[in-house]
């Protein structure tokens, strides 16, 4: 059986949830996590801001042999969500190796824009 | 002669085939593979989903000293294709070192959007 | 306590501030820096051009446990800014480990375009 | 004096020059090279195709302490250029360490689309 690789610590410096949506699609971002292991991956997300202390210990589970495209707008801790229209950054820690990609769809204008990058493994 | 480098194992966590196309271009994704070797590269692709077991052992050949921009919509195993409009992830394994880049063209709106990233080598 | 990782030296070869903005959003680029350390990170930015010597020693501070999405149009040294509509490149050096991502929003046309990539760590 | 880093061998699997331009901007791709060294970098570019042998030994010079955003449509060998509308891949070799980023602007529709990624260092 092949040894499962990846990393347990990832960061995405450029987070931003566009406050406006128009046209058919909703502006959103996703952290797309792939878990090639058979067991579940327990993720712990930290959100960094420009002008206040980080929001810590947001937990997410990605099942074994599954991917999970997690909308950043769904991340919450004690009913606190990431505000829209604010620059922020994400740190993702996992108890087992996973792979993380970040993508944003901006539909501020009806004709959408996309961007994506593999997150940076620490 | 120079030793050929690259990696034999790549992943793309953010796969998604946009279900809608409008305007002149078709919404699609491609896994762009470069094989700098003189011999053919035999690829084995695994597709991971959010809510069901992976689709495994999809084989693709990239000839020696060639590139192949493979539409993900063309990947199939026993007549099973990747469904459109569904979040998924890709794992690409090769018997020899290659380099993999992932790109998406979304033409949900007539004015298209693009995103691209080098895949993550394991 | 976990050891803080990242890199102290990053480059972005493709810098370009679009000279035109239309629609609701302003064309701009940002270097998005995440500082996971508790202490401040002191950055030194160098701007390279195609046809003249680099603009050196632009200093920026990113506070501890904060992110900073720095507009490249705000970078200046002795009142000299990066001109718009000119290809350039960026080198970012930090006294402590940080993570850098580069993103561009082009609103030359009312319907914006986005691109992003993790910078290259040296 | 600081040791100059980077890599001497880079690849970009997803090359494609959009055949159509509309609106104010021209569809194009660029390989953006940063040379942090004081001496010139001598690049040798190879273009790989899907259905024919590679086009080899295209030479480009990037001056010391300069960046060069090279339009792929300008690359030529014995008056042979990269055809538009054809999937291809790029390999860039340099005699000294440089950093390479690839970007595409697609103006097939008047409202342009962008994509970018750091090239893959071998």
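Chains here go by letter, A, B, C and D, matching the order in which they are written, and residues are numbered from 1 within each.
The criterion applied here is as follows: a residue touches a chain if its C-beta (ideal position, glycine included) is under 8 Å from a C-beta of that chain, and two chains touch if they have at least 3 such contacts.
Note that this is a predicted model, so its numbers are computed, not measured.
Relative orientation of subunit C and subunit D, expressed as the C-alpha superposition rotation angle, is 90° to the nearest 5. For the interfaces B-C and A-B, the C-beta contact count is higher for A-B.
In the contact between subunit A and subunit C, the residue numbers used by both copies make up under half of all numbers at that interface.
Chain pair B-D has a twin interface among B-C, A-D or C-D; that twin, with over half of the contact pairs alike by residue number, is C-D. Our note on geometry: subunit A versus subunit B, Cα centroid distance of 22 Å, whole angstroms.
Distance between subunit B and subunit C, defined via averaged C-alpha coordinates, is recorded as 30 Å. Counting partner chains per residue, subunit B has residues 110-111, 113-118 touching two or more of them. Against subunit B, the residues of subunit C that register as touching in their complex are 111, 113-114, 117.
Residues 5-6, 23-25, 30, 32-34, 36, 65-69, 99-101, 103, 105, 110-118 of subunit B are the ones touching subunit D in the complex.
Against subunit C, in their complex, subunit A makes its touches with residues 9, 11-16, 20, 48-51, 53-54, 87-89, 91, 104, 106, 108-111, 113-120, 122.
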